[in-house]
Structures are given as structure tokens and as C-alpha cells.
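Let me begin by handing over the structure; questions about it come next.
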Amino acid sequence: MTTAVLRLDTVDDFRLRAEATLTAAVRDFVAGGSDSETTLAANRAALDRVTIVPRVLTGGPDPEPGATLAGARSALPLAVAPMAYQRLLHPEGELATARAAAAAGVPFVVSTLSSVPVGELAAAGGEQWFQLYWLNDDRDTMNLVHRAEDAGCRVLMVTVDVPVMGRRLRDIRNEFVLPAEVRAANVASGAMSAAHDRADAGSALIAHTNRAFHPALTWAHLEALRSRTTLPIVVKGILDPADARRAAEIGATGVVISNHGGRQLDGAPASVTMLPAAVAAVPDTCQVFVDSGIRSGTDILRALALGAHGVLIGRPMLWGLAAGGETGAAGVLAVLDAELRAAMRLAGCADVAAARRLTATTGC
Amino acid sequence: MTTAVLRLDTVDDFRLRAEATLTAAVRDFVAGGSDSETTLAANRAALDRVTIVPRVLTGGPDPEPGATLAGARSALPLAVAPMAYQRLLHPEGELATARAAAAAGVPFVVSTLSSVPVGELAAAGGEQWFQLYWLNDDRDTMNLVHRAEDAGCRVLMVTVDVPVMGRRLRDIRNEFVLPAEVRAANVASGAMSAAHDRADAGSALIAHTNRAFHPALTWAHLEALRSRTTLPIVVKGILDPADARRAAEIGATGVVISNHGGRQLDGAPASVTMLPAAVAAVPDTCQVFVDSGIRSGTDILRALALGAHGVLIGRPMLWGLAAGGETGAAGVLAVLDAELRAAMRLAGCADVAAARRLTATTGC
Amino acid sequence: MTTAVLRLDTVDDFRLRAEATLTAAVRDFVAGGSDSETTLAANRAALDRVTIVPRVLTGGPDPEPGATLAGARSALPLAVAPMAYQRLLHPEGELATARAAAAAGVPFVVSTLSSVPVGELAAAGGEQWFQLYWLNDDRDTMNLVHRAEDAGCRVLMVTVDVPVMGRRLRDIRNEFVLPAEVRAANVASGAMSAAHDRADAGSALIAHTNRAFHPALTWAHLEALRSRTTLPIVVKGILDPADARRAAEIGATGVVISNHGGRQLDGAPASVTMLPAAVAAVPDTCQVFVDSGIRSGTDILRALALGAHGVLIGRPMLWGLAAGGETGAAGVLAVLDAELRAAMRLAGCADVAAARRLTATTGC
Amino acid sequence: MTTAVLRLDTVDDFRLRAEATLTAAVRDFVAGGSDSETTLAANRAALDRVTIVPRVLTGGPDPEPGATLAGARSALPLAVAPMAYQRLLHPEGELATARAAAAAGVPFVVSTLSSVPVGELAAAGGEQWFQLYWLNDDRDTMNLVHRAEDAGCRVLMVTVDVPVMGRRLRDIRNEFVLPAEVRAANVASGAMSAAHDRADAGSALIAHTNRAFHPALTWAHLEALRSRTTLPIVVKGILDPADARRAAEIGATGVVISNHGGRQLDGAPASVTMLPAAVAAVPDTCQVFVDSGIRSGTDILRALALGAHGVLIGRPMLWGLAAGGETGAAGVLAVLDAELRAAMRLAGCADVAAARRLTATTGC
């Protein structure tokens, strides 16, 4: 499969181009974090402090950045992070992002709050995973899972860090409301409809998402799910190594060390600072992914060198999407691909396994 | 009891609204610290560096932020810090703040230098504690204690970090003087009257407070007090863990790890950096509170995760008071309540005990 | 002895007032450091990072800041640092500064490069010490020592960190030259005369000081001096703890841990960061002083809490002198006195010995 | 040999003068680093954090900064780093820089990409080394080596950190192209010719250098080279101590701990932070050099104190060259010489061996 690709030099170039076209409210919805955005800033600062010690004279020439992620082969050690309501950024929404991912040979994670129904996204081709927000109603939840299975999603990524939405002050101050044409297409129309009404005050999205999601999940829910689907499960939104170990113990194929891009608990540590302990805590049978703040191929190499098996790419994909639809999303993946290959070669890694053996420090 | 509540999004919004209405001299009196304000700045920087590692899938849904503070139940793990001369901020002064505290179900600490007499504040209802500045004259001091007992104050909070007032340069440069209508209503009119006279140079308040307070307290004073009242005693203004232990040994119900909001010894450490050592130093029978720089529910959770049983809220209450009298003070408590509940839920804590078991780091 | 005192609130106020009156070249000569001024900045940053943990309920009331320095009693744990050419700042030069020191009851250290002859300074009264730069000619050097002895100087402070002057770029760029009326009054007129001539390029002072001073001193010189005077010797300009120990071993009464105010080796550590190791390295018979960057009573307390017996005050005295002659110099000492007393009381120290037992950290 | 010398006070003065004369594209080509220039900035930040503890009373007077580098005597513990295309900076290019190095008595390292043929540079006199980029064609590579041997180069410096060029965004954005008159004079004209063509997008230099260089070197290449030349080999571009040890084991005379001035792997650590571990990892028979960010005599002393035998000076030489041709390059060396002598004297080191025994810290 081939796709046109918008060529810019860095993820930041995509961000700039995207932000020039977006309304302030959508720009903020994408870029913002919770409360005082301490964790949002910490994600970037922590990555900048990570140093990778390159090796020399290791041969080559072409590093192979491919990886096995949750059991299937990916062209790069990354997946596109699940992100809600992508039609906010571009009329084609998730369809465009998913096509770009398919063309690049990397998994696309469909959000529960996708603005294109999971069934329609199959048309985009490629490897797709489904991200599950457990809804208040258990039957609705299992309906979602079955719809994802039917659509051919191969992995279930269960997000566990949203018992309630983070207080995103930008959205609250913007009184952010979804436009009528952008809907949570996988969710029964009643459940999320209030996300479109101007609330008394603050963000309609926060208020109504809180109403739709299950606020009191336990490990028992996860175990129950484990027995009700044959899909591999990846648990997203873990920071404490003990939680990573527990997820592995109940059979998770992977965990995502994540603070949700700084959008949930403000004051949580940068996810890369928790990564090494998580890697040490889980058995080899459980893969460790990381996200939050990854913006370049060097960042991906930093994550690998700290022990990750792969990363999720969040906001950069939305900036690509806003900057050029499918070609923009493809452009972001092309930048990351080029940067990662260059960084791997400069660090002397033939492949992801070698990258995971590099010496890296998280700074002091 | 119900109260109208001014709804703003963050404590900082209250500060901005307050500072727009205050004279520069009062704004500075509230916001300022001593000397070069190193400790004032360190309080905030240290809190920003504290990270909390959230737990997932712990169930819920509604976290219970209630706490037992010095033996009685509080709706939140916080008390309103003792603060002098609140009628500087609003004509109703302490009466408004105390009413807001009562409505929120949290203790209000009446300052020795309250501008409303402690006897009149009982009308505000709710749990009240009395903060004691030991006066030069022992009989005056015991009079204060008895008046507090009579007014129904349930706890005596003895402030031990003001042998002399800190050199608050803003007040000195503003030649800060109390207006005639704002008086230390609990103190014999002679003792503090000079606080109203323009001094030769510098802050009248500093000069005359220094004259009224006992400058040479010892542990023996505290032991004597212990035998002359039946009220539980909380010792406020400790930073060294050995002092915390000693307070516990002579029967203190609690200690407040505090640098007085950066207003006393400049160069003292941020109080949260001393918190873990203090918690380790005292037996379980003595509660550890902390204040200085707490500005959000996340900050409260940081303090709990570092081992505190509760916090005192200082300046934010004054900003609320200035912004809207009782409704403003109530608004600040409502923000802290909402933020704390959200943070607890995002961190996976069902209650304060769980919050105290979280992993937190004070940064490097 | 009484003296008029210019009352300002902080040392920085004296600096601002002084700098408003000085030429750019003299202002830079005083304020500047060597090369890229890394060490100059590090001095301040390191002091700001030092935290002092106060003690409470230690009684009082009036802390006693007096100290025994090199065997004699001083009203404060400080001496006025030796500084060259003080008539650059004020027509009375060292006479004014020495009078202010005498009035305050603290030692004044006369520089080898004093612009008032050491013999004339005796008239100022008070305790005086003589700072020795070893000159190229040994006989000239011993002449200096004898003149200091005759003038009643009680201590010899031998500066060992100027084998050559630091590259002070400000002076070089300003092509700094001493005006005709400001001369090194203790030094044979030939030796330093070139300091007054415009050099080919750069600072006349540097070029010609380098010519006058002995560039190759050894410990043997110090031992020889030891046997040729009965005055106690304090060795100034040590940073390595091994050098401090060696000075003590050959009988030094004290050492000054100092980087010369950031004016000599750029890249040297802040002197307070070397202080604890130096204190640990020397026996109790040798006192440890520190200077470089001390600007407040809190800074003095920081130094004491890190183990110093006393500090030297450099530039602040020159700013005081420029701001108001003797009354200005007295004003600086009055600020430091007031600040130190307040800080000691707030930290709960009755005296310098108690201050030296406080817990202090140098930060990370 | 004597040479005229342009006298400025610091390397930064040369940079400013140079940058005032250069086109933006050439200025950026020289100053820039790869990707987000994190490593470029880290080099400087790490050096600024290194503190050197001076020793006193060590005698003197004149420190001897001479060093034996790769077996021959150098007037200073430094060599001029290999840098490509110096005719971009000045019509005489490498000839001028090499003459300045010869006059100063320090080795000049001829780049593979020299814009003056290595054979013609012999005329500049002095000690010359040849830096080898292994070309795609092994015969071309050995031709280069033989040409260097014939020209009298005494040492072979094999650069191993360029399997591919770093992504230098400034060059990419400037669409940097070599002007027709500046050519890689040592390389067969075909190999590098494309460096002169405007590429589709981005830096022609990067694209075409990547085509010319061997992308897959191994330790076996180095061993093979070892047996095909009698010249001592220095391996340039190592950061991992294990690689330093391995280089020593296969007979390298020296290693250069280097991140190529922040131009290759962005995210690599500052080279001085890796220096102590490298020094500890190799036997005494292998010298350890360091480069990347050295800008002053103090920086050289920092490197020595951390264990280096010498440093390479990169960009400063180009700024000198641009500022004044041979006299400018000589001026930069004169500044470094003066600064190093002053710093050694102030630190109390008689020679390089003493400098290597100083206590230095890399900060936290």
C-alpha cells in the first residue's frame, strides 16, 4: 500500500502547521494537560534529560527498526495511541490516521471515543487494536468489545487511568463543547450526547465523559474481561511498578507506562522516569510500552534504551492529521521513521533488541 | 449549614481577583516572605518537584477525603491556618472565614491576633481551634487561653517559630501600619496599640509585635501550659525532626511542620522537604500537619503521600476572603475539595489512609 | 566609640546606591570576577541553596553573636576582608572603613595594597590585622611585616591564591588604570607604579601586580615566615581540604576558605561547598573562616551552620564605603548585625557555638 | 617559526568577529548540532558544571603546559580537531590553520574532507595527523592512508562516529550546498561531487556524505587497518567506556571521547561526563583525549583534571580562521595558551601531570 506523504523536517513543524489552522479551543484540547500542567511539562523535561551512550563499529549498515508488538510484526517499535474524536482535526478523522498507520505498517489503536465507527475503520486496512473505556453499563462495554472483535481488531488496550477525567483547565476555561458533527461513534448515542451541550460552566466533555465511564474499576473487572475475550490485553495507564506486575500476573500481554500525556493526575511523574522500574518488575512474557511526550526518533530510542519494547505516539499524529489529513499523518510517521533509523545507526544498534541493551540514564 | 459559594477554577484565580482589589501594602503583607524570600520560593518549588505515583483499578467510586484531625472529624484533611488581622481583607474578617470553614466542615484556627474577638467567632459555628502567641506577660497569656476555652475552642495550637517577627522587607519598605479599624481584638489594647503608629522607619507591625510577644520561650513553657489546660495541644512551626519528637514526648497531639509560609527564617528549608523525617521521628500518637505553599488539591495529596495527616491552608483563604467575603472563602475551600477528590480518585485512593500509603518523591 | 550610621535595609540597597555614584570602571573593578565569572555566580548560587534547619523553644532572648577570632574577641563572627585601593571608592578610603569596623567592634584587615599606609590606619582604632602579599623581594616582604607589627596589627593574614592575578575581563576591557591619587601606600613606590600607566592593552593593574608579587610561593615560605614573626598567621585562599590541614600542621591559627570572591581561578568551586570538608580536615586549634559571596546575616548563619568560625565581608564593605564613607561602611555592618541577630533568634541559637551545631545542607 | 597573531581576549570574541563576516548558512554549518541540539547544549552545560579545586603554595613560577601527544611533544595539551572544508571560512583554508598550529607547536589534524589536499598541507610545517573517514571503497580508503603517510602525517585518527551524518536541521533548512570552489580535495572528485548540487530538499552535504562514507564499519576494519599502516592510530568518536577499552586492546595509541561537537547522535551525553569512566577503563598505554565544547584554557584544565591527556579544539579554530585567516587561528591558540597557563598557575599545577592529579567534580 502506498500513500502520499507530507514532508516536513520535525514533529514540531507539523505542530506549528496544525496549530495555524485550528481554533484555539481545539488546539488547546489537543495540547493541554490537567491542572497546572506540571506533569505535562515533566514529560518533556524528563525525556530531554535522558542520555543514550552510543556504541561504535557495530557494523550495519541498515538498522532494522521493526518490532513484534503484542505478538504481531510492526515496521516500527510504535503504535498510534488511541485518541478520541479525531474528526475535530480533519473531516476524515480516524480513517485518515488509520490509513497512514496501515501504510507505514504500524498498529493503529482505535479509541472507544473514535469519531468514526470501529467497523468502518477496518476499511483502512493494517493492524488495528481497540482501546476500551469501560462504560457504566457492563453490557454496553461488552458490546464494544464484540464490535471491536468483529471489526478485526487484534488487541484490546484497556485504559485504566480514567476513573474520572483530569481537570483540564484549558477546556474548562474554553467551555469546550464537541461540535454536532463530531460524535463518539462507537458509543450508544444517549451515553455521550451531553458532551455536545454547553454545560453550566466548564468543559462539557469532562462533565459527560465522567457520566459515561465506569468510575470504580477493579482488578476483578480486568480478570472478568480476560475470560470473556480471546484477544490479547494490553493495560494502558500504569505508573506504579507493582501495578505493572499485577497486570502481568493476570495475563496481560503488555502494559503501557503512561500518564496519559499529562492529562490525568497532575503531579504524577514523567512516564519515562517510571519505565526502568516497570521493566524490572514484569516477566519477559509481558511487554512494556511507554507514552507521553515522545516527539522524535531520538525519544523512541531513549525509551527503548530504558527498556521499553515500544512506544505510543499521541499528539504528533493529531498534528499531522490537522496539517494534512492522511498525508500529514503519514508525514509524522515518516519523520519518526527517518529519525529513528538515523538515531539507531548513530547509536550503533542493528535492531530493537540492540537498542534495548544501550546504556541510558534518566539524568538526576 | 449552607453557604453561597463563589465559583472560580483555581486558587490562583482567587488570588488574582483578590489582588485586583487590595492596596499594594495589604497585598504585600499577605503575599510576602522574609528577607530575600528564598524560603517563600522554595516552598513552591519543592511542592512542584514532589511526584505522586498513582495506583489503578482500586475501585471506588467516591473517595472519602474526611479525616480525624486532633481527635475530631473534619470533612477534609485540612484546617484553616491561623492568620492575623483578617479584617484587613474584608470588613467581616475572621467571621466570614470561620463561617466558610464551618460550612465546609473543616476546623478554623483563630489567631491570637484575630481582628474579631475569639468570643464573637463562636457564632460562626463549626470546629474552632485557638492559636496561641505567648505574650510577654504570662497572666495575659493564660487569660487568652481561658478566653479560648470559654469560646469553645477545642484545640490549642501553640506557635513556636515567632520568638521575633521575620524581617519582611515588603512591609518595611511599605512602612506598613494597621488601619485604626483593624485591631488585635484578643489582646489587651495597650499591648498592640503601637502597631497602628507610623514607626520611625519600617513596619510598625514588626516593631510592635516584637514588643508584645515572649521572646524566650522554652520547652518548659510548653510543659507548664500542658498542665494548665485540658485542651489538646498542637505545636506549630517545627522543622527539625528532633523538635517534632520532643513535642510528641511532652504530650503534643500534633505538630505543624511549617516555615510560617516563608515569613520567618529565610534560608529555612521548604517544609515539605522536612516532612518525611518528621513523620518518621514521631510516634503514631502524634499527628503531623504541614503548611507553607499548599495551593491545590494536588498539593494536599502530595503532603498526604509524604506522610502528613493533614495540612493548613494559609494565604489562599485570605485571597478567597478578599475576593468575596464568606462566599469567596467558601469558594477556595470548594476548589480544594473538588481538586482533592479528583486527585484522590485519579491516584486510586479511597481515603486519606490510602493516600498516605502512596509512593511520593521529593525530587532531587 | 560611636559613629554615625547610614540606615538602609539590605546590603543590596548599599550596592545600588554605591553603583549609582561610581564610574563604570570602578564599579566593574569591584563587582567583577575572572574569565567567564562562573565561580563568581556559583558563590551566590551555592549560598542560596544552603538551607538551615531552625530549632525552637531554645530560650533566649538576646542571641550573642560575639566570637573569638584568631584569639581575640569580636562583636560579630566576621572580619572586614582585605581589599586593595579603597580610596577608589571614597577619598578617606581604608581610614573610613577601619573606623566603621572599630566602631562595630570587628577586626579590619589591612591589605598589602591599602591606599592608606598601615601606619596611619592605627589611628582608626580597633582590632586590625594585616594581609600580606608576598612581594618579589623577600626583604620588601619582611619590611611590610615589620611595618604591620609596628602599627599594632595583631594577626598576619597571608594570601596564597594570587601567584598571578586572575584574568578579570571587565578590567581588561575597561583598560582599567589606577588614578594618580590612589596608590599602594605600603609598597615601595617603584614596585607598583606601573599600575598607573595605560598598558599596551588590557588592565594595567593585572600586568603590574603580576610583576610585583612573588609568583612561586611554597609551604617553605610560610614556615619561614612562621619563625620570623610572633603574630598569629591566618592563611587566606584555600579550597582543598588537604591544604587546609597542611596550613594547620605548620601552625596556622586559621585558614580562610575562599576563592577570592570569584576573582582568581574561574571554575573553582563555590567556597561554601568546600567548607564542611575543610572543617573536618583541620584540628580544633585552627579556626576556619570563609568568604566569597556573603551578603546577609542569613549568609553568615549559613556559614556558621556549615562549620565556619567566622566569615570575611568583602565587596559589601566597599559598597557601604562608596555609598557614604565611614557612615556607609558602618551601615553595612549594622545591617549584617541586625540580620544575623534576627536569624540567630529565628533559628534558636543563643550564640555562635549553637549556630555551629545547626543542621545545614549545601543542596544538591 | 613566527606568525602574526590577532589579539582578542576570549574565544567568544573570535566567534563574534567571525560570525559578523560569515553568511548565515556557513555560520550555521559551523555552529550547529544535530536534531534539537540537546547534546550541543549539554556539552557546554556540563563543562560549566565541572569544578576544579586549586592547590596552593606549590611553587612555580612558570607552569609548563607542554604534553606528549600520541608519542610526540606538543607545546600545549591540545590538537586542532579535524574539520572539513575550511576554505568555507577563508580562502587559504586548512593551509592557514595548519600554519597557525605549526607556529604554536601543536598538532594539526587534517580532515579526510580537507579542502586543501593533504600533500599541499605539508608545506605548513609542524606536526600533522590525518583524520580518516573510511570510504565506501576500501581501495580509496587505503589510498587516502597512503597519501597521508606520504605527506608526513605522523598519526592516523580514525573517526568512528559517522556511520551516517547527523541530521543537522540548520543545514537542512538552509538547504546548505558547498560552493563550487570548496571541494573535498583528498577524495576522488566523483565521490563527493553531489555535495555541490542543490538536493531535492535539505542539505546536499548530508545526502552526499552519506553516499561516500562506509556505513557499516566494524572492529575488524580497525584491526585490518592496524596491520596495514605503521602509523599510531587514535580512535575518534567514542563515548562508551567499553568501546574505549576495546580500542585500546586492539592497539590504539589513543581514543577521543567525543560526541562530534553535538553534531552526531542527539541525546548522547556531554563528552566530559563520560571522560572519567573512559580514563578508568583503558590501560596507561592508551591516551585519552576529549573534545566537544572546549572554549577556554579553563575548559582544558577541567578536562585534564578529569583525567584527559589532551583535548581537541574544534569550532574555535574555525572562528579564528574566519576572523583573520592564519593570524586569527593563531590568535585563538594564543588565547588558549594564555588562559591555560594562567589557570594552571592559579590551580597550582607545574605541569600537565599535576593538572591530571587535581580534584575535579562533574557537578550533579
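List of remarks:
Each chain gets a letter, A, B, C and D, in the order it is written, and its residues are counted from 1.
Note that contacts are C-beta pairs under 8 Å (C-beta built on N, C-alpha and C of every residue); 3 or more make two chains touch, one makes a residue touch a chain.
Computed from a predicted structure; not experimentally measured.
Path length between subunit A and subunit C in the touching-chain graph (shortest route): 2. With chains reduced to the mean position of their C-alpha atoms, the one farthest from subunit D is B. Under half of the residue numbers at the interface between copies subunit A and subunit B are found on both sides, making the touching surfaces mostly different. A separation of 60 Å divides the Cα centre of subunit B from that of subunit D. Inter-chain spacing, taken between the CA centroids of subunit B and subunit C, is 42 Å.
The multi-chain contact residues of subunit A, meaning those touching 2 or more other chains, are 364. The residues of subunit B lying in touch with subunit C in their complex are 35-36, 38, 42, 160-161, 163-164, 166-167, 169, 172-173, 201-202, 215-219, 221-222, 235, 237-240, 242-243, 264-269, 273-274, 364.
Within the complex, the subunit D residues that touch subunit C are 7, 9-10, 48, 50-62, 296, 298, 301-302, 338-339, 342-343, 345-348, 359, 361, 364.
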